[in-house]
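The structures come next, written out as structure tokens.
First subunit A sits with subunit B, and in the next complex the same chain sits with subunit C.
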Partner chain A sequence: MSVETPPILQVQELKKSFAVHRGFLQRKGGSIQAVDGVDLEIQPHQTLGLVGESGCGKSTVARLILRLLPPDSGRIIFEGSEITDLDEQAFKPLRKRIQMIFQDPYSSLNPRMTVAQSIGEGVRMAGIRSKADQRRRIEQLLDMVGMPKASADRYPHEFSGGQRQRVGIARALSVSPRLILCDEPISALDVSIQAQIINLLKDLQQELGLSYLFISHDLNVVSYICDHVCVMYRGQIMEAAPAGALFDSPCHPYTLKLLAAIPGSKTSEKSKSLATDRSSIAATACRFGEQCPDATAACQGQILGLREVAPGHFVRCCLKNEALK
Partner chain B sequence: MASSTDIVLKVEDLRVQFHGDGPVSRAVDGVDFEIRNGETVCIVGESGCGKTVTALAVMGLLPQPPARIAGGRILFGGESLLEMPSSGLRALRGKRMAMVFQEPMTSLNPVFTIGDQISEAILVHEAVTTADARRRTIQLLEDVGITDPGKRIDDYPHQLSGGQRQRAMIAMALACGPELMIADEPTTALDVTVQAQILQLLKRLQQHSRMAIQYITHDLGVVATIADRVYVMYAGMIFEQGTTGHIFNNPRHPYTMALLDSLPTREKRGQRLYSIPGSVPHPAYKPSGCPFHPRCPHRRPSCVDAFPEMCDYGEGHLARCPILYGMERDSA
Partner chain C sequence: MKTITTAHTPQTVLDLDLMPPSRSPWSETWRLLRKNRMAFSGLVIFAIFFIIAVAGMLLTSGRKPVLDPAQVRLQEKLRPPMSVPIPETVVSGTAPILGRYLLGTDDLGRDVFARMLQGAWVSLTVGFVAVGISVLIGIVLGGLAGYFGQRAIRVGHILSWSLVVAAPILALAAKPLAALLAAAGALAGWAFYAWRRRRRGEPTPVLLRWLSWTAIGVDDLVMRAVDIMLCFPSFFLILTVVALLPPSLYTIMIVIGLTSWMGTTRLVRAEFLSLREQDFVAAARALGLSDLHIIFRHIMPNALAPVLVSATLGIASAMLTEAGLSFLGFGVPPPHATWGNILSDGKDFIFDAPWLTFAPGIVILIVLLAFNLFGEGLRDILNPKLRERN
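Then we have the complex of A and B:
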């Protein structure tokens, strides 16, 4: 399947830990493994969903890809070439190829710059020199995201959340990127506005052949928009599969728990109660062990890798490994 | 039909205005609703539609000024809250009605332990000893599912996770066994799995106590999970009301229909989502006639001027759209 079309982005064994500072003197007291060996692949013109609860490391993954944070180890391969060890100078042109849309449209736009100034920075970076051409491009970008031309000379505070998010998208598009990392792009928006932005993202993907990394905690949205989905828990990918397979036949106990938690879902009534004797499970290598309703003593000491349970469907769970044997 | 003695809270034609520098904001513009014993009623709406202001008006927590209650009545157990002196309201708040807020970190006091804050609610309203209050606090923490409550009672809010803090807030609201709990987006700031736990907790608590819950949210998924009856709010008015079944299976107002159509789900994959054009009007600049008319797919010229009256579809299902009501009647 991926033989003829190489993925636009590959992430291999990506790791990042943060030091934890404690007390008044801020002494270093251990560290948190925020991203612990993450592998991802995004195919051209496709959308990869990255889901998980807050603190699972999904935003950190996006920041590592964009080099807003340096990774501890691992490889990031963009359009076939490795970009992990590029210095800042060499990485700069890649920032035009990979862009990001942020969750909060209120804090991600500079309040003292007009819309034209915000988008104009990218337009200049893209190499458009003459003022008239820049203006034309800004107006074209605004048109692409469904904003009137007149909004170019207004300031962010004059717009609603949905309109600001459109400006954020126009700014990301200003450098003609191939890949856009969308970090919870709709969760700060009103219900009636969310659909507008989702439709816009899908339209732009079709028109411009964009690829998306779509970070979200909302499984309904992910099931609607994504082609592939990775489920993350405490820094690791627990399950990765094509969207259809993940929602039809979820394997990992954590994925099942997430699906059951969707409000209004049929399974949400009865969530499994935890097994009684948890003491044997605490020592397992599985991140989800302590929370896992299916965990048994057999989980103990197992080495946990991602295993393919069906074509393209990977699961990190020793119980599923057992079932395979 | 339930008798009128069952009704815990009845709000009639409530109007709240905000007076600032600019034009007057009519945040709540003639809202009627009622909540019965043991019932969970959801008030659904987008930000700025007036759902929180309605709740704060019921609790008597609106800062006046800038807010001004311009009309209407709020009856709690038959007593009119708007005419009650503030001392009477204080005796009621926290004892017979309580509120849980969206962001537990900002509504808990960071310099007191959660035990202090929960037992304060008991000590203010009831003549009990400090030791008794502490015992009851531990019991409350256990009821809301906090593990090891004997230890956690002496924790400060920052030592708890978001879900635990919200549980502590709920414990505080439950402290005096209220008849009505108003929960304002209590799970919006929480993860989905924690949200599911909190919703289950509220349901379980309600089964034990016959407490009525007024649940405010913008999340239709949450509504489907917990509500008995639903009020859909837009621009400071109730646009549709009915049982959860009415609203989800047989919506009668174009706004409700549009909200349901615009939800992304797996079944709609590959189709374009319905999106409501435009955005929610500012409460100071509401469109004339039906406030939804600029965004409505069923708009008629008359909608621009004529105020939409509530149309009765029977069984407590009402919707504020005379156009669809007329079409329904003509085809029948």
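Then we have the complex of A and C:
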């Protein structure tokens, strides 16, 4: 891994909030800051893990990158060019270069289309015109994801979750993307199937030189597949580090808590449940303050930025700042 | 961590020989339909009714119909069913089918069987055309509200579109200057939006900012229209409209269609809202497919099942409405026979000639029952949750 190569995807200060409508006349009743200033960088041929609890904004980040949602502010730079302000027409050619694999293999395939029809849409978008070539490409894609050619003319309801997920991967690959956003691709699958899908993703990365943004809440999987890991909490990155460093020397109290929650880990202990309070908090206060076992009076009212505690290892915690001084 | 590292990807993950033969969603629906006896018998009755209605239309229309529903035979009035005509009274070429009055004759000696056949075609066309109109309106409006519901209709939109409508009207009313002004205004509105599209992000001049004020959302507009339409008791609305318009079969069809689209609109909107958030739609958008492609290839096929069910039930209710209107004398004008006006004519002779009332009454009952059974069965069959069980 060379640090000098330009990243395939850079996300800077990305923000997105959702308005909450309440009451009879749908008045605006405040908003939820789902993504609050997220910075990411994905190197070519590498995998960036994005971990965090449910509702912390992981999937929203992926949908913002894919422009399924418009961001409030921030910059998204893909292969050196900014895509944030492009209109749909200008973004269309770039769409093929970023694809997504979804969490739920049951809702990610159109139940009224055969496997060949679902994948075929991507194959057509990739510019393959003749029917025979399309068919050949579809069969090649199915082969790549370990599905028999004959499954092309079957409907999604005839397959299991793992098989559907493979079809979903084949559809994502159909336009030859460079970057694939994996939105919890295995959390809806059996453990044995999970391993197969993970290894398939790894093999494909090696074969095709793909980059992944791998969103998950399963730290075991993340440690296995990812080169870099970002830990997210309530819309902010709490800790970002190379995978080895994050798991060997975690710094942020939230990361520690997540690691402790892995079943069977050495540091496993009874920890309080992390009930997320969605009431808005002061922009300057530490997001994790109320849950933090180490919180002190010093944590209040400080403007928190990501600080580099070791080369490539960033932490957003005032306690660590104090320790550095 | 270890469980993952030891696993490996097998060459293929399933053996197709072990799977049941491939079934498309439609063949699966057909299989379940045959298993559901009520729905299947409903479908069979409907098929028979369809054939009879078409045959009846062919037999009773034309210059010299095989069975003339308008043939008056005053000596033969109020003959009971299955009675043989008095040979002397039969005008050559107007003998009833099989040599008998299968369902008797009415107070003018007309063959009730022939009249019922003619009425079947009326019921069939009224049912299908009225429901076709209402489903078409429902799909378009519901689809708009569901898919584009979040878009705002701005003050400028309303202004320019009303000018677009006003220009030709003013031109027809021989007011050329006003028409020109309206056309110019509409053009200016179009230019404003083209300019806005090209320079997104730039602030609009203060003087023009009121054009961008949101008047109402698309979803709100459509749904409030539905609410308003639902406020009217629809049968009386139809009665009023029919009383004002010249009576004809087509007026009835169109009026019933235009007053029964609200349920379909709500259904389609709800389906679009939930399907729009499905991952396969997100995947289609990620592939760069157009909105139209997503609507027609991905959302519509999945949204049609409940529409089909409500359309089936809607046909029954449209037939009933037509029969009711004809019964009250607001329907298809005589001498054309419909089930409703046969029933209406027969009510004066209910004790002397009960077949005049029972023939159309029982047929209406059977056909409506068949449609409702078929509709209910279809609802069960097309419901994915119930489907898994079979």
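Everything that follows uses one rule, which is that the second predicted complex is superposed on the first by the 306 of 325 C-alpha atoms of A that agree within 3 Å, B and C clash if a C-alpha of one lies under 4 Å from a C-alpha of the other, contacts with A are read in each partner's own complex, and residues count from 1 in each chain.
Following the convention adopted for this analysis, a contact is a pair of C-beta atoms (placed from the backbone, for glycine too) under 8 Å apart; a residue touches a chain by one contact, two chains touch by 3 or more.
All values reported here derive from a predicted model rather than from experimental measurement.
A.B. asks: Looking at A:Gly122, would you say it contacts subunit B, subunit C, both, or neither? Reply first, second, both or neither.
C.D. replies: A:Gly122 contacts subunit C only, not subunit B.
A.B. asks: Looking at A:Lys257 after the superposition, I want to know if it touches subunit B, subunit C, both of them or none. Which is it: first, second, both, neither?
C.D. replies: first
A.B. asks: Tell me the contact category for A:Leu66 with respect to subunit B and subunit C: first, second, both or neither.
C.D. replies: Touch status of A:Leu66: second partner only.
A.B. asks: When both complexes are superposed, which of subunit B and subunit C contacts more residues belonging to subunit A?
C.D. replies: The partner with more contacted residues on subunit A is C.
A.B. asks: Tell me which partner A:Gln99 touches in the superposition: subunit B (first), subunit C (second), both or neither.
C.D. replies: After superposition on chain A, A:Gln99 lies in contact with subunit C alone.
A.B. asks: Looking at A:Lys16, would you say it contacts subunit B, subunit C, both, or neither? Reply first, second, both or neither.
C.D. replies: After superposing on A, A:Lys16 lies clear of both subunit B and subunit C.
A.B. asks: Touching A:His217, do we find subunit B (first), subunit C (second), both, or neither?
C.D. replies: In the superposed model, A:His217 contacts subunit B only, not subunit C.
A.B. asks: Of the two partner chains, subunit B (first) and subunit C (second), which one does A:Gly168 touch, if any: first, second, both, or neither?
C.D. replies: Only subunit C is touched by A:Gly168; subunit B is not.
A.B. asks: With both complexes superposed on chain A, which partner does A:Ser54 reach: first (subunit B), second (subunit C), both or neither?
C.D. replies: After superposition on chain A, A:Ser54 lies in contact with subunit B alone.
A.B. asks: So, A:Asp153: does it touch subunit B (first), subunit C (second), both, or neither?
C.D. replies: second
A.B. asks: Just to be sure I follow: which residues of subunit A are touched by subunit B in one complex and then by subunit C in the other one?
C.D. replies: 160, 162-163, 191-192, 194-196, 198-199, 220-221, 223-224
A.B. asks: Which residues, counting only subunit B, touch subunit A once they are in their complex?
C.D. replies: 46-47, 191-196, 199-200, 218-222, 224-225, 258-259, 262-266, 268-269, 272-277, 279-280, 295
A.B. asks: Help me check something: in the complex, which residues belonging to subunit C touch subunit A?
C.D. replies: Listed in rising order, the residues of subunit C that touch subunit A are 1, 3-5, 7-14, 16, 19-20, 22-25, 200-201, 278-280, 282-289, 297-298, 301-302, 384.
A.B. asks: Inside the complex, what are the residues of subunit A that reach subunit B?
C.D. replies: 53-54, 160, 162-163, 190-196, 198-199, 202, 217-221, 223-225, 243, 247, 257-258, 260-264, 268, 271
A.B. asks: Give every residue of subunit A touching subunit C within the complex, in rising order.
C.D. replies: On the subunit A side, the touching residues are 63, 66, 68, 85, 87, 92, 95-96, 98-100, 102-104, 107-113, 118, 121-122, 125, 146-148, 150-151, 153-155, 157-160, 162-163, 166, 168, 171-172, 174-175, 191-192, 194-196, 198-200, 203, 220-221, 223-224.
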